[in-house]
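Below you'll find a set of structures to go through.
Look for chain A in each of the two complexes below; its partner is chain B in the first and chain C in the second.
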Partner chain A sequence: MTRGRTFVGALALLAVALAVYPLFGTGYGVRSMLQLFMWVALASSWNLISGLTGYVSFGHVAFFGAGAYTTGILVTGAGWPWPAAALAGGVAGAALALLIGVPCLRLKGPYFAIAMLGLNEVLRALVSYFEGLTGGGNGLSFPTRHATVPIYYAMAFTAAVVIGMTYLVITSRFGLRLMTIREDEVAAEAMGIDTFRHKLYAFLLSAVGPGIVGGLAARDQGYIEPMSVFPLATTITMIVMVLFGGKGTVWGPVLGAVLLFVFQEVVWSHFIYLHQLLFGAIIVAVVLLMPRGVLGLLQIRYRLPRTI
Partner chain B sequence: MNVVLTPAMLGQVVVSGLLAGALYSMVALGLALIFGVMRVINIAHGPMLMLGAYTTWILFDRFGMNPYLTLPLSAAVMFLLGALLQRTLVFRVVDAPELSSLLLTFGVSIALVNIAQLVFTSDLRSVEFLTGSIALGPIALSKSRLIACAFAAAITALAFLFLQKTRLGKAIRATSQSREVAMVCGIDVQRIHLISFGIACALAACGGTLVAVMVAIQPEMGQIWTFKSFLVIVLGGAGNYPGALLGGLLLGLIEQLSSLFLTTQLSEAVAYVLLVLALLVRPSGLLGGRQT
Partner chain C sequence: MAMLEVRGVRKSFGGVTAVSDVSLALETGHIYGLIGPNGSGKTTLFNCITGLERPEAGTIVFEGQRIDGWKPHRVAQRGVGRTFQVIRVFPELTALENLMVVTRGPRAEAEARALELLRFVKLERLAGEYAGNLSYGQQKLVEFVRVLMTDPSLILLDEPAAGVNRTLLNDLLEAVGRLRDRGKTVLLVEHDMKVVMGLCETVFVLDHGEKIAEGAPGAIQADERVIEAYFGR
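Then we have the complex of A and B:
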């Protein structure tokens, strides 16, 4: 019990430190933290569908891109303020997830994974095609405004909400049912769980975060174009972070995002050409050697609760 | 858009569709084989095709070989690489939950693409061997596509003959029908897995060789082939080997037909919509259940 209390205290302290950081931090530091929040939110969102239900989404960046373009169009075309537009980005992510989830989550097996693998390319093609709305290959430029600090807070808030949601889901009956689906879907059905509905809800939840984050990142960068908001590399990074940290837990994706982000900034920026190779090797190694990730090792070492 | 359909245009579309479809069928048969035998979807199937294409490019560029003669070499190299991959990594996840095998082959796939970028750079490479086309009445046919179709049809026919007639082929089909019963009958299932994976990668490599003569090649060309091959086996019915044939031809035809009405930019979206529709309407495939 005392351990739990220490942990909550440490979290509160960390939250306060992060809240006052922009007052002291350098521009570079604030921007790096903003990126870290983005990865935490993305990784935790991917974890909601893939870590909990075992349905692998190979195209989660599609929701990020959908959010970025929704925000871009609303801000530049309709003059919306960016916070509202980013929320609309989250709605767009969920709407897209509904469209894909209804046909693809009805079935067991790899259908969903491959459908997500193709989704990204299709969205990129569509965005390039509808030039009138999206600017096509020329992209969309936001009106200039320095909003890094407000976006820092918005991004931190989004990441916190996604983590909080993950905690609520994992400790609820809903989360338990999702994990039952992951372990044995037939048994879950036999126990009376409406597996399709549960998978779909988890998928919708997992699409909102990336939609909002996409919108915020677009506003922060000030310019979006099809190649920059739909990179396969973003999906790969999300997946690697969750697997490395520990899938299906609350803190695993956070831990993975922090560790890999620091590695990336400090070490791997020197090996940019080997990036994907390293990520591929990490995925293979984690799947074969430590399916519970770093957090799994810590859980065994320090006897921590298994799911959180 | 107002399109006037003349019989010549329709003929052109049907013929090009069948030419492309034969290639899809051959490559997808490999993916179907791995799925049928091991219940594993190999995300690295497309990158295998890409490596096959590069094998041909090297042999053509460095040693001046006729690209069509590199086909057996490229197939043999990828057979070995596939078998190695199965023996070292994939066999460990055959009985694991789907998540493991999908993620593992995904990791292999991005590593292979990165290795290709390091070794061959991202520059577009082409094998300029057969250019030009021949006219058949009003229908123009690119020579390289015609030959690719002939090779693909022959190789697919050989593969089916192998599956139907030889002891090894029968053992492969038996394993995909039921692994336990196959084991009881004295089939070395591990060996069958190894050989099937090798054959599947060799089929992808043949696709790579033939594609290399048709279009420019680059390290990221593979992923779309994983997706299309999967679409083909969904259309045909997962684990259904004759279904892969039908699915391939159908995909080729639909893609070409849609190119009459839509710009090529949207042709990938057409394949995607097709996948979603197929999953909604007939998830077990056009030919229904398993038929090996």
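Then we have the complex of A and C:
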């Protein structure tokens, strides 16, 4: 129990430090932290569907892009304030997940993964096609007023909510039922678990966070176009972060996001061309050497709960 | 009226007819055996009853309601529990969590019940261990008590005795007997004839997907068609 209390205390301290950071930090620092929060939210969201149920979503950036465009259209076209528009982006993510999940989650794992990969390409094409609404290939430009610090807080809050949601899910019997799908879907069904419905709920939950941070990131960057908000690389990064940190745990995706983000920033500034090569090497190394990720390894070795 | 009535069920895979017009009826509160040589269709029949396979023909009526064509989770929720021939515990969930997954309502109560069941199969000390780390026999026991967590009225056991040591086996068989005494109905597939003969009141025999005999264990053992199915003419 005392260990738990120390952990909560450390978290509270960290939260306070992050809350006052924009008062002291440089513009670059705040911007970097904001991006880190975004990756934490994205990786943790991906973990909710793929880490728990084992259904690998190769198109999760679709929800990010849907959120970005929803926010972009509402801000530039309808004059919404960006916080409300970003929340609408979360709703758009969930709505898209419902639309896609109902047919695709009936597919078995590998087919689902491929279908999700296709979804991303379809969305990118659609966004390019409906020029009147989305600006097509020209993209959408936001009003230029700076909002980095408010977006920093909004990003941090979203990341915290996604982590909190993950904690609640993983410690609940609903979370256990999601894991039974990963472990043995047939046995889960035979035990009376409506696996389709459970997958769908997890999928909806996993799409809200990316929708919101997509909207926030769009507002922060000030400009979006189809190629910039639907990159496959974003999905790959989410996946690598979760696998590296430890799928199916609360803090694994967070740890993976922090470590890989810092690594990327450092390597990016020093070896621009080596960066992708090293990133690829990490993927291979993780899959081969520790398929459970850092926390997964510790969890098995020291019998740690999934909440660590 | 029978609690489970299987009428004319047929299921084939490609050119192989796994189950061919099988009919059988189970009455509440009895233990039934389902035997037959390998490949005679026992597991396929289980799968048809529990919704994992959709029968091509025939009906399955459980407690007055047709359940053929239902999704497996619906059949399970309706009150049909089963274990598998090949162990299907959830390996990266603890033994306790394996039992907790299907429970609803107050968590403390469910946990107490799960621990009681684990104690019953002498696994309470391993409650926090990942099910995948348990021995084959222990996993088998986890699967057996897991099915009891949902309190089904009909329990289908696919080779419960295989791989379980003698002492535990006796406990397990005693448990099956007690389930019957509490008004549960049990249908079990088993190759161990001692188990079948000692426990079952009625035995159905399948061969090449067809039901070739049905009756009390003693009579079945003397049935010529059964002997032929097992040993050839």
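Definition applied: the second predicted complex is superposed on the first by the 282 of 308 C-alpha atoms of A that agree within 3 Å, B and C clash if a C-alpha of one lies under 4 Å from a C-alpha of the other, contacts with A are read in each partner's own complex, and residues count from 1 in each chain.
The rule we apply is simple: contacts are C-beta pairs under 8 Å (C-beta built on N, C-alpha and C of every residue); 3 or more make two chains touch, one makes a residue touch a chain.
Worth saying up front: this structure is predicted, and the values here are computed from it rather than measured.
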Classify the contacts of A:Val258 with the two partner chains as first (chain B alone), second (chain C alone), both, or neither. neither
Which partner, chain B or chain C, touches the larger number of chain A residues? B
Is A:Met290 touching anything from chain B or chain C once the two structures are fitted on A? First, second, both or neither. neither
For A:Met179, decide between first (touching chain B), second (touching chain C), both and neither. second
I'd like to know which partner A:Asp194 touches here: chain B for first, chain C for second, both or neither. second
After the superposition on A, what does A:Arg303 contact: first (chain B), second (chain C), both or neither? second
One more residue to check, A:Val161. First (chain B), second (chain C), both or neither? neither
Those residues of chain A which chain B touches in one complex and chain C touches in the other: 182
Listed in rising order, chain C residues that touch chain A in their complex are 50-52, 71-74, 76-77, 81-82, 84, 88-93, 97, 100-104, 107, 128, 130, 146-147, 150
Quick check: in the complex, which residue numbers of chain A touch chain B? 50, 54, 56, 58, 100, 103-104, 106-107, 109-111, 113-115, 117-119, 121-122, 125-126, 128-129, 182, 232, 236, 239, 243, 273-277, 279-284, 287-288, 291
Complex interface listing, chain A residues touching chain C: 173, 176-177, 179-180, 182-184, 186-195, 248, 300, 303
Could you please specify the touching residues of chain B with respect to chain A in the complex? 41, 43, 89, 92-93, 97-100, 102-104, 106-115, 117-118, 223-224, 226-227, 230-231, 234, 238, 263, 265-266, 268-269, 271-272, 275-277, 279-280, 283
